[in-house]
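Labels for the chains are A, B, C, D and E, by order of writing; each one numbers its residues from 1.
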Amino acid sequence: ACGGNQGNPTSEAGASGAATGAAEPTKELAGDVKVDGSSTVAPLSTAAAELFAEQQAKVRVTVGTSGTGGGFEKFCNGETDISNASRPIKDEEKAACQAKGITYEEFTVANDALTVVVHKDNTWATCLTVEQLKKIWEPGSKVSSWKQVDAKFPDEPLKLFGAGTDSGTFDYFTDVINGEEGASRTDYSPSEDDNVTVQGVSGSKGGLGYFGFSYFEENADKLKAVQIDGGGGCVAPSVQSAQDGTYKPLARPLFIYPKAESLKRPEVLGFVEYYVANHKQIAEDAKFIPLNAQQEGELKADLDKLKSQAGG
Amino acid sequence: MIARELPAAFDPVFTLENLSVFYGDYEAVRGVDMRIAPREITAMIGPSGCGKSTVLRCLNRMNDLIPGARIAGKITYHTEDLYGDHVDSIEVRRRIGMVFQKPNPFPKSIYDNIAYGPRVNGLRKGLDEVVEQALHRAALWDEVKDKLKQNALALSGGQQQRLCIARAIAVKPDVILMDEPCSALDPIATSKIEDLMQDLAKEYTIVIVTHNMQQAARVSDRTAFFTAEVDKEGVRHGRLVEFDATSRIFTNPADKRTEGYITGRFG
Amino acid sequence: MIARELPAAFDPVFTLENLSVFYGDYEAVRGVDMRIAPREITAMIGPSGCGKSTVLRCLNRMNDLIPGARIAGKITYHTEDLYGDHVDSIEVRRRIGMVFQKPNPFPKSIYDNIAYGPRVNGLRKGLDEVVEQALHRAALWDEVKDKLKQNALALSGGQQQRLCIARAIAVKPDVILMDEPCSALDPIATSKIEDLMQDLAKEYTIVIVTHNMQQAARVSDRTAFFTAEVDKEGVRHGRLVEFDATSRIFTNPADKRTEGYITGRFG
Amino acid sequence: MSAPAMTKTRTLVLARRGIPWGDIVFKWLLRVCLAIAVAFLVTLLVYVVYKGWSRLDPRLWENFPSIRRPERAGAKSALFGTLWVISLTAVFCLPVGILGAIYLEEYADPDRWYNRMIELNIANLAAIPSIVYGILGLGVIARGFGFGTTILTASITLSLLVLPIVIIASREAIRAVPSSIRQASYGLGATKWQTISRQVLPAAVPGMATGSILALSRAAGEAAPLLLLGGLTYVAYVPDGVLSGYTVLPIQIYGWISQSREAFHDLSSAAIVLLLIVIIAMNSIAIFVRNRAQKRW
Amino acid sequence: MTAPATPSAPASPQGPLGRARSRYGERTVQVVLVAAALVSVATTVGIVVSLVPPTVEFFASVSFAEFFTTTQWAPLFEPPAYGVLPLVTATLLITVIAVVVAIPLGLGAALYLSEYAHPRTRMTFKPILEVLAGVPTVVYGFFALRFVTPTLQGWLPAGMSPDVFNALSAGLVMGIMIVPTVASLSEDAMSAVPRGLRDGAYALGSSTRLVAVRVVVPAALSGIVASFVLAISRAIGETMIVAIASGNKPELSFNPLDAMQTMTGFIAQAGSGDLPTASLDYKTIFAVGALLFLITFVMNLISARLVRRFREVYE
């Protein structure tokens, strides 16, 4: 497994080089920055925190993994400074924040390609259509064998693994596949912990699961990614296909939501600035899919806005 | 047995009047009357379970510590009601020392064992002398003077028991109660303790419980013989059968049960 | 004491030759020689810690159960070496029963207590008769015949001890060993047990340890007097001082230490 | 009178009657039971040491966790977090536990309904699942008292969790002090508190120490309640106060097990070895103290 | 013995036995001690207070009938389902596996240590068993997932090969975890059987096995059973092993080779996700917690009963 990681073109030297390169003459900052939320985004924010710590040793960033929904709950309760999210904030969460008088920014910091994975020895399921996925995952589905998915497939028992209900991943997947957020069959092993899916799928020949692209990247030696046919033919998840929008409908943006109040504290502001300024490096370092040109432009604009606010 | 002349009239140290002792609902001892003379050795004998220890423990209110134990009747200490409202049982125990069946030194140094009583009674200075005196008095000084800092548990059984006596003496009590002080000891240690008791009786009033009739005969001035009687409901109660000069009890007891016990016909 | 005519020559049930018993490195008993006669009551007396119980427990190999305990010298049971290689200690204990100081009935019914021994020895049928016989023999039948299914712990101390004797009898042993069987009992219960012992001695060989000299004098045919001697290194060892007909031991002992103990000068 | 035959001629009456197979098999079965339990422990230890061997070096306790570079990650923050949480837990639960035990053993009248209720209550608490304490900590301490997900909350929660163990062990220790010691003290005119503080407690210290250490080692290994108390967090600093955020070794281990990269699993094995060293060390101290104390009376 | 010079005049009592000094210190101490003892009561109150209100609210929205009789547990799905039975059966199944492992092993080990082993052996093995009790449960979970499951997958025939996450390994490992609870408490109960009973049995010609089986075990029975009850409580309440190794799949199944979710597993999963406090989802945690509390509470009451009876056996 380590070999696979080391084979990744992202070099640490590059990352830290970029970081130092981007750094303006920095003043010493100190304080705590509490980040929580999406477990999908957590590795990204953790990577950001690690890199940031090389510059600002006295700023202590903690990253929790409560899931997108759980993160917003804490965030809107005033317990955290930044919330990670693998989907945009929902209306009821907005309302909860408003009720507590909490205002925030939204930054898109990377892309993800929700990856449907199967066992290495699965030779049949190279490409699945959205309809087939729906057939498998819709509420009340009784599909228990691959043969029921497609008559051409062998009669191998289907073992399902997926995201925990508290996660943005779950919300997103159920939304785009089953047509309604939260609607899913329930007789599978859900987990906040994506390793469960890795272990589960790599351990059962008939296994099928889904999670963020970075987990697939890390475990490409154990799992196989399925191509998705969202109407425009089979497309494999990749940096390229996620950035150019051909990986449909499972490509999605990832967000961080810093609290406006917290951004008044220099250490939080410093961290967010660093995060946004080095987003590409951080994404590559954490094996995420960096923003495309258009997203990057928007992010730059957002950052400038933020800086001007902080300055003024 | 060494008969000594006993005063017929005396100011009793303890006066027990119709004393009954209860453990919860069980009346362990019933209707005891006794007058214990000063600076004498009074022995209590009788078969197992007849209430000797029970009566002894009433004399310094050790029974207060047993949940459910209480007395009826009256015990007077000199002129004071021992169970009167104003009486502080802690003060009682300071005045009336006790030595137990099994030597029970604290797991501390010899010195600290002896000094414990004076310390809890507020003495801070002059402890060294108190300790030395008490050990002298208990005929233990020569054996331990070089190892006062050593753990008392390292002493032999007989030495431990003498240590316990020294510890009781160190708080300068009026009375020393002893509950079978020699039953865990070998003959040599026993005879040392017996000598010590006779010596202490010059200054202290001593009450001793013993199973060993020979011991009672050897050391005591007066002897109380207890036995257990079964009442109509089949419940056993301890009773005082006879209380008299030791010489009389062992040669010419008034009660047949005493005689039966002394001559070994039962018990 | 009831002097009965004792045979001078007999086929001994046990022959102890130069028996020493060790607990680990400690030699608790040293160099005992004894010949125990059949169908008599042999008493062992002596001060506490002199090794009476230790010797008694060697006779049915109960000491095997104490880690570190072992013997030197030889014990012969009839003609067999009790500690021989071929000997099964379980078989030994079946033949040589034992009654302990504290009555120790199993927390089961009276019936199951008595039936336990026959059952572990493989008896399945005719248990009822065995139980009844044993209880008769132990003079307990009349008191318990209506409550055989009742828990044995509900019996009084004296009844419990007789139950333990009945339990020992039920396996039809040759010998019954008793270690202070009455020390936890009141005088009435004691005298019942003593009567029972004398009765049992018509059939069984009985060895009894007692602290109570009067008891030894009352019930036993022969008496062994043990004491503890301190050797040069200051270690105490139990020794057999004198072993003779009880009548002789109590009237005309050969050894001065025996006399001192008997007359209560120590112990 | 039918005495058993006692003739000189019978021999070998005491000989064994056949090989006692039942006894032999039974004894071996029991041995096997013990052996399985011990073999399991050995396997477990060998396995984690083997798995974690490559990471058992100073990186483990000198480095902070890293999600990007498992080969450089360490458990420094978790190790210090554990030390903080355990120390604070000791500060909370030992005095309360020991004093409570003194009350129950020396002062409480066991016939009173309220004392019986306290006792029953403690026995109950001892067996309540630790995750329920997590719910308590979350609802009452973190949110109710507003202590948040801090070392303080974690320590209070763990203190409550192990309090019954401390109380029960301390009571045993106090009860094991022979009553003759108490009697001797009272017999010399000591008051109750003098007797307890000068005789009973010093004599009970070894037993109480054993129980306390075992309780604390339980707390050191506990993860479930802390899962609910914000323990599952990337923390890359050494806590500097009771209101600091934290992570502890069991949580860090859980976090790493939850990672999918094998390197993290090796790392978690190494951290397990570290945690086991902490816990076995605490256990050994307890056993040592106990064995020394056994030679007392 | 020489009589004292003046036999008649006793030492006059040295002042009255009463004491002016009132012992305030003693009272203060007692108040402090009572306060310490009451912390445990406060803990229970705290647990009840934190469990009951959300549970009551939960049952305002979800009927008892649905909670206890339906068989689908999907509180966080759309549409939600609140049949707690799958969690309960998973808890029971895993507990049963654990108990089947722990009771024979624990009892066997206890019997060996108390009846057969040399004191030195006992001194060595009791601490080793205690180490087993001291191993953090995360470690057991890790071991179950990473060692026991692969081993089982290797050993068992293909048709019986367990899932990656399964109840069997979680149960087996949990069984080992509670062996010390059974062994050490049973051993205590057995050593508490008076020596006299054993001596009595040996003196009747019993072998060690018969003494153990016919005398010691029956006499210590309530203590032994109490140790079982406590071990079962621990198994029911154990969280990390199941969270790591049994999968979190709430499905009504009695096949130990399947993945399943226990009550504790659900609380850990949902609780660490930190749901919105006002939501019904959040209250679900408390409802399950309350059920868990209730089950262990009842178990404890039973065990307390047994222990009390055990204490009364010999006197």
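We adopt the following convention: a contact is a pair of C-beta atoms (placed from the backbone, for glycine too) under 8 Å apart; a residue touches a chain by one contact, two chains touch by 3 or more.
The model shown is predicted, which means the values in this text are computed figures rather than measured ones.
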In how few steps can one go from subunit A to subunit E if every step must land on a touching chain?
-> 1
Per the C-alpha fit, the turn needed to bring subunit B onto subunit C (nearest 5 degrees) is 180
Euclidean distance of C-alpha centroids - subunit B vs subunit C, Å = 34
Taking each chain's centre as its mean C-alpha position, how far apart are subunit A and subunit D in Å?
-> 40
Report, in whole Å, the distance between the mean C-alpha point of subunit B and the mean C-alpha point of subunit E.
-> 49
Would you mind listing the residues of subunit C that make contact with two or more other chains?
-> 91, 95
Which positions in subunit A touch two or more other chains at once?
-> 196, 199
Touching at least 2 other chains, the residues of subunit D are 191, 232, 257
Touching subunit D in the complex: which residues of subunit E?
-> 23, 25-26, 29-30, 32-41, 43-44, 46-47, 49-51, 104-109, 111-113, 116, 123, 125, 127-132, 134-143, 145-147, 176, 179-180, 183, 207-209, 212-213, 230, 233-234, 236-240, 243-244, 264, 267-268, 271-272, 277, 285-286, 289, 292-293, 296-297, 299-301, 303-304
For subunit D, which residues are in contact with subunit C within the complex?
-> 1-4, 6, 8, 10-17
Please give the residue numbers of subunit E that touch subunit C in the complex, ascending.
-> 118-119, 194, 196-207, 210, 214-215, 218-219, 313-314
Give every residue of subunit D touching subunit B within the complex, in rising order.
-> 109, 111, 178, 180-191, 194, 198-199, 202-203, 296-297
Which of the residues in subunit B come into contact with subunit E in the complex?
-> 2, 4-5, 7, 9-11, 13, 38-39, 77-80, 82, 84, 86-88, 90-92, 95, 174, 198, 201-202, 205, 221
